[in-house]
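Each structure below appears as structure tokens.
Next come two complexes built around chain A: one with chain B, the other with chain C.
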Partner chain A sequence: MMLFNKKKKLVSQNTSGNVNGKTMSNFYLSRQNSWLLCLCQCLNIAVVALELSTWMLIIIALSLAWQALLLQQNRATANTSRGKHPGTVQSNLASKRHSHGPSKQLATNISPVVLGIFALLGCVAIALTAKQVGILLSMVHLLCFSYALKGFELRTRRDFYQLLLLGLFILASALIFRQDLVFSLIILSLLIINLTVLLQFFSSENAFATNLKVVVVLLGQSALLAVVLFLVFPRLSPFWQVPFAKSAKTGLSDTVKPGDIANLTRSTKLAFRADFGGQKIPNYAQLYWRAMVLENYDGRQWRRQNKVTQNKADGSGTKSLIFDASNTEVLPLTYQVFVEASFQKYLFALAPAVVTGNASGITAQTDYTIQSSTIISQAKSYRLTSYLTAPLALELSPQSRQINLSYPQGSNPRLEQLALQLQHNYVDVQARAQAVLTLINQQNYSYTLQPPLLVNNSLDQFFFDSQAGFCVHYASAFTFLMRASGIPARLVTGYLGGEYNGVTNEVNSAGKIVNKGHLSIYQYDAHAWSEIWVAGKGWLRIDPTGAVDPQRVNIGWSNQLLQEQAELNNTFFNLYRMKNIAWLNTLRLQFDALDYQWTRWVIGFTSQQQYDLLKHWFGKMVPWKLALIIAVTLVLSMLMLMLLLHWLNRPKVKKQAFAQWQIIYHKAIDRLAKQGMEKPLAMTVNDFAKKIRQQYPELALVFTQLSASYNRLCYQTLSISEQEKQTVTMQQQYHHFIQVLKNSDKKHL
Partner chain B sequence: MPQTPPVVDIVQASQAAITAILNKIETVVLGKPNECRLALACLLAQGHLLIEDLPGMGKTTLAHVLATTLGLTYQRTQFTNDLLPADIVGFSIFDQKTNRFELHKGPIFNQVVLADEINRASPKTQSALLEAMAEQQVSIDGITHELPRPFFVIATQNPLFHAGTYPLPESQLDRFMMRLSLGFPDIKAEKQILLTSSQRTNQKTADNQAAVVSQDELIAMQDAVSQISVSNDVLEYIIALSHVSRRAYSSHTSQVNNSGETAAIISCKPLSPRASKALLQAAKAMAFIDNRDYILPDDVQAVFYVVCQHRLEMQANQQLDPSQQESTSVARQILNSVDVLNPLGY
Partner chain C sequence: MIYPTRFGLTYVGFVVLVFLLGTNYQNNIILLFSYLLASLFISVMLHSFYNFSQLRFYSRAKQQGYADATLYYVIKITAKKTHYDINAHFSDARLNSPIVNLGQCKQGTQELILAYKPSKRGQYKLGRVTVFSEYSLGLFKSKAMLDFGHYAIIYPKAKSFIAGQYQLSGQVDEPNRESYQTTNSVGSDDFSELKSFVRGESKARTAWKQLAKGQGHYSKHYQASQGQLTWLKLSDMPSNDLEIQLAYLSFLIGELTTAKQSFGLALCPDMTNTAMNIPPNSGFHHQQACLTALALY
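Up next, the complex of A and B:
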């Protein structure tokens, strides 16, 4: 009965591998491969699942579940239909039109019309939500949607290819959203799985593990070419540039109200890294990474001055106000910053800084921040030189002064009153600021990640009632007090400190430690502080946080803060645990170092870096030279590929001496050898067929036919046309044989 | 020359006759269908047959039934150590009536010559057969006489370790296309033999059996056999087999044992081109019997042992030691070392 069922399948396969030599129109995927494909689909969707909206995820999950259900059903129908018409192969030939091979083909019992309507509805839904989620995400939605639906119409081999290709495309698009090391490794492993599924289709006789090995080896071999192309292939915009993903990201925003940054500190995501290239890294308390200067205060939140008014305020000659390195005698500190994709324009610097090296689109601003002209949608690196102790803006334009003194009158009456008092008591500007700090320090203020909620973001309430807050609270209140007491002041946000990772440090021959480490600055290092302008000294950085929690400013997070964060995050691998379990922390640092190298050398390899590298290798770059290099590389790599192929085919050249029937027969006996039925060297074809007949009765018929064909082709003198005909027959017999073999395999399993 | 019908037709037309012949032989030589087929193949291939076995195993019976079934004239000659060449080929005798020398044809002028216990005769007598077997002609007193067609020598011999035996010279052995040994019958066959032997006077039943085919038919079949087509693959297979024996021989004689392949084969004599020819011819006959007009390696393998083993053995005729098995023989080892699918090992 079992055998009969196999035959039926065989026949449908047999007739589809047709005689005319056209491509197979009928597509057959074994049960195991169908399940593999289904699993593969799920995994591919999973990598972009975070970016998809819930409704889309539900649709995709439903359609994948449906496909799985169909697969399951097919198995049931295949089982029940077994043995209904015990007949000869010939009679089955007649009924082959009705007997599709089971498994994925029955998936077609969703009518194409329904599928089409469903697809159309989905597209309309995607189009409707496109405005909300942005063009890129809606494209990803569309991709995933079609990927999920394509599984329903696996009718031809082409459909199968399309499905796999879509899957690979999804994997590639997933890299738009995340590029870190772990994620890239996940994508790589998924790529391997996808390719293995493809290979499985072609050589399903092999075990999955065998095919997996083949794919890994192939990928390993092609890695060299990939590296070469990675290095020299032009990164043409816009093709080679990742489109902007409009997605909510952790990071600083350009409006800040008290309580904002406290939320940000729950995130342990990396913000950026800084590499000082072996120089001495400044003290923790000096590592104020400036991101944004917020000068507008409306009584509730701080806002950036928009550029036009800012320029107007600074006067026309904005250039002159940008920090000029030539006038200062302060020692320069040069370092490289590697930022993660923030989908913002601001960058980080230890002010005042100038951009060194040729980083296009990155400019220093008049407020001593560094900005990118485009949104940072992928990891980016730039080189800066900072003059840490140099004064900022010794002159202040009237407009600027006015902006930095303004505050909504009456928004925080008690603070205003205090400010007047201070103004009265302390004439000296710096003494006035110091008085506030002393006040904060001596009174019962506390520094906490869980500040009480403030009504209307009232600074009064914070300063006089709750007296518990995070950096923004203190900086806001301080800046407000300063402004109210007549000192130009502004809020600066950015990051404070950073974690030094010395895992990559080396000891040189002289026994000294070569500093190869880097600073990793995480989102929880986000900070806000104040600047006041003092005549003759320029903008002075005052960090009121230091008055309430000196440890935060000088060393980093206190254990109490870490604990608070752990409670808030409620994850197992929280920072508190991480930092207090030594081996875990070492592991974390090791991984961070690895990820840094990945970011630096792979993700950070932008067109600029590429240009520099090529320049380093080949001298000054001119377009024709670039084109020549690319062309030569391509030609060379193709040549190498051809040589490699030629070399790989070398043993096969011998095989070409074999006639086609010999190859087929060898394939067949190789398959049997894998089953443990090795053909002894000296055994004739007929004797072997006899042996198979005895040991594998279900193979008897088909293998004997195959052997007879071989004998005829090999030993009988046939005319050319007879030979061709017999070869075609033998090919069919071979396919038939493979099918029977597979099925008997399954049975034995 | 008139166009002869294609081989395929002859092959197919002959099948009935072949089956009939085999059936008839097998009713006499019980329980040895394979040996019967080989013997018939040998005859169809126009080769001579050497049957080597212990006394009383049915050697003579086989020879006899072959001759009668094929409708050939037949004479048996018992070889003894005092047998002279003239006893075999014949001699001229002076006829006093006609005053002339008259030729007395010896037993060799029969179509089937059964040389019983050939190794009991002296080498001189044995070699008298030589010319006859190779050239199908004999010379008596300087006059050459053609032998009848078909001409077929069936010799039987006792194993060498038996008393009073002269080993056949290698050159003579080489003239025999096949060397068969019948071996002991199995229980069932032996029972049958015992039952039937009580009902008949052994030889006579075979004698009384009428011929199944005519001489002309037999000659046509023999011609058809030689026209059986041989593919390149089979030719290469045969060549590969003889090459293995030659390599093994040279590595043995030069005492260099460098390659594992030849080292595995025990010492053997090389196969001559005549041996290859015999092998091919015998294989053709096997294919013919199998109703095919082309040779398969199966045919070559089927006849390889009987065609080549006696040409391969180092010490001639030391065979038939019952412990010697076909499966461990030199011939088998050579067969096992050649890849059927790719004989010359591209």
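Up next, the complex of A and C:
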């Protein structure tokens, strides 16, 4: 045993003197476990690696590699010393002597002073870069740095514990940055590995797989209580302000140049999901998810209108501009949106929409977009009611009209000229817009992800020379033309469409079509379109993309576009291929559905939902009732856990397997018992046979033979083949016995 | 008895920390993580309990040995299933006993050996034995204090002694020996009995007288040589220090037993005091009795 568990004995400075203190000083970690711990450190740091700066990663990698090197050296010395005394390895003393060598070497290799200086330098470096990366990230840096360095001074058991807890804390903090199902499962599996390393310390003789199983069982048993806690334990509001991650923004940005969205569409990341809860999902061409309205154009790019100027019209004025749901006859469509972390503030809606349900932290804007008051750093959900066909803003304030008509004079002279011409030819506003669309449709325009680069983002160049572009090109040029021809127009960005995931055409009891599924909207669904203001109709959505590539607007990406996309991007290529293989696609959709449920019920489980759930189960909530529920459910689940464990740990009565011959004999005895001749338990086999001989002479011969065989099998040592032979004979004897018994029965009758 | 270890308490603090992290970030997954860790605490407690229950311990109460030699108390553990990480040590902190670990206690009977190394002769009550386990994750310590009534009888450490010196003192002792011999009237090579002749026996031993009388073929048997009958006397030991005297005696007892010589031990000059003096005998049990007497003196 000692041979395989080469233990390193490290002398502790712990001089507390009591008995417990002495356990601390005898700290052993088996070789296998040391390696596991090292691996564990690597994995734990890997989950936050994306958040760490490169220099920190290099430092951590170096220190971990150094630790691995030390471990390797330990083994080498241990091997040589083992080779020198092959005869004494088994004795306890000898192996202790062996392990002294490496431990000394470990101590000389890393002196605490060097380590201290190194740690100090690292902290200074972290402090210096703190401003750059933000407080949260520098905390994570510090955590990982200390975790990597702690591995050098594994002297006592306490160090080992500290290292493990640090590792677990890294896992927990990794969840700040990502919470999706895959990542959560990764964290869970890492938790299992971490705990197994700890368990391995207490049962080092078990194989790693066995310990892994034990930990999984432990966590499985804990899961019950954890779920109960999750459901009933009150959600508290934050105790203090915490620094949030300054992660890179994803998704749309609030300035748009032609060509911007084409880059975004290379991403296959999820943007958000929408659940229509059994209602009919609107047609693809109606799913214009509005994110931002860009009203400022400087000749190069589109920008959002500065908030300050908007706020001037705040108060009652703003309210009147926000959509009023009470005086519309359009059918409402209620749905729930689950946004992924974007580290931006904008949310998505099918305009015009009002926020229903819990509206805290969500505000509707005058331009019919919806914004979160805080940066969305984790998945968030909200409920909206949309009135799809209702008009937007029948009135236009003079200020707004002025903004939406302005354009830098002379920025795109050829377009301006065209606009004047259009203004002259078409008096009706809508006819003028339609004329542009017809122009785009009929001329040789192409819709492509790889438009030629424009000099200075010139719209002229696009519209008259290259005539190839993506949605922003068309929307920008169209909006510019409208503005130049005197129609208030603006650019809107957002997402178009979405992938439906679920069972369609399920008919419910009332005969209505029910959708059990959700829409997933990915980054590649990003889109830009434009809006013009028409008196009496309000803001009208006009999508010039529809004029050049109708399929994009009506169904989704055309095959040509998809292929283009796949050439540009590897992940997209994979997705494209996956979509073409039916079972893989089903799998992908199922996983998406699973991830959706996770987002909906676990990530999005708010205190409101918790309250509703408890109310649904237990009726109206009052504080004392809540406390009672928490107490009772906790006690109950703990009791259940205890019962379960008690049942699992019950002393196992081994069922003794009876041999064939035992079964035969007992069958014979049972037959006799039915005839009224029971064998007393205390009576031996021979005595019983004698009794039968006396009372039933006709059975005497057969039963005595049977008994003799039984005795032979029972008490003589026979080889297996002999046993088999005897058993076969006994079987024959048994059949004989049954026949005789039946015959005698007949005679008696 | 089961209670959280220091690590267990730290762990609880850690779980609270994770909970705070989750609450402050309003992050459900971190909250779930902390709940899972908290529940793990409970299930580990139950697991430690079941790991430690249904164990049976047996141990012999008495051990004896020389001073400065290590005594081993064997604790037999009978288990119905596999138990892990069973540790034991003497509860008495003054004994400074090292913790003995049994990593895996398989079904059946296994042994844990507790060592005790006393430095002085005498009888020691070792008190209770603490058996504990920190399986499965070191969060809890299941502990039991078992009273086996362990005690140790420690003989004085043998101090070598030149045999000639003792021979001398033995001769001085002659009158006593004589009186002892007379009372017992058993000398060396004395005739003891006649036994019927067995083929192969020396003819020299044949009891011719009986054969001649026609009473049968017998051979004479003599009592085996007893060697020198000795009384080991405390007062004879050449030292003023009682402990050294006892150490000499301890050595001599060992030597004489090895030589299979019969001897008696007199700790009290008054030979009639039967409680303090052990009549001559030989063999292992006699040695033990004598050494015990030395230990307890």
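Keep in mind that, in the parts below, the second predicted complex is superposed on the first by the 531 of 749 C-alpha atoms of A that agree within 3 Å, B and C clash if a C-alpha of one lies under 4 Å from a C-alpha of the other, contacts with A are read in each partner's own complex, and residues count from 1 in each chain.
Here, contacts are C-beta pairs under 8 Å (C-beta built on N, C-alpha and C of every residue); 3 or more make two chains touch, one makes a residue touch a chain.
On a predicted model such as this, the values are computed, not experimentally measured, just so you know.
Of the two partner chains, chain C is the only one touched by A:I187; chain B is not. By the touch criterion defined above, A:N711 reaches chain B but does not reach chain C. Residue by residue along chain A, chain B and chain C are tallied for touches, and C comes out ahead. Once the two complexes are laid over each other on the shared chain, residue contacts for A:L195 go to chain C alone; chain B is not touched.
Within the superposed three-chain model, A:F169 lies in touch with chain C and out of touch with chain B [touch as defined at top]. Once the two complexes are laid over each other on the shared chain, residue contacts for A:L225 go to chain C alone; chain B is not touched.
Shared-chain residue A:A119: touches no atom of chain B or chain C. Residues of chain A that lie in the contact sets of both chain B and chain C are absent, per the superposition on chain A. Chain contact summary for the complex, chain C toward chain A: residues 7, 10-11, 14, 17-18, 20-40, 42-44, 46-47, 50, 53-54, 80-81, 84-85, 87, 89, 93, 98-99, 103-104, 130, 134-138. Those residues of chain B whose C-beta lies close enough to touch chain A in the complex are 229, 231, 233-234, 293-298, 301, 335-341, 346. Every residue of chain A that touches chain C in the complex is listed here, in rising order: 1, 18-19, 22-23, 26, 157-158, 161, 165, 168-169, 171-173, 175-176, 179, 184, 187, 191, 195, 198-199, 201-206, 214, 218-219, 221-226, 229-230, 233, 235-240, 242, 244, 378, 602-605, 638, 641-642, 645, 649, 651-652. Interface residues of chain A facing chain B in the complex, by the touch rule stated above, are 654, 657-658, 662, 665-666, 680-687, 711, 714-717.
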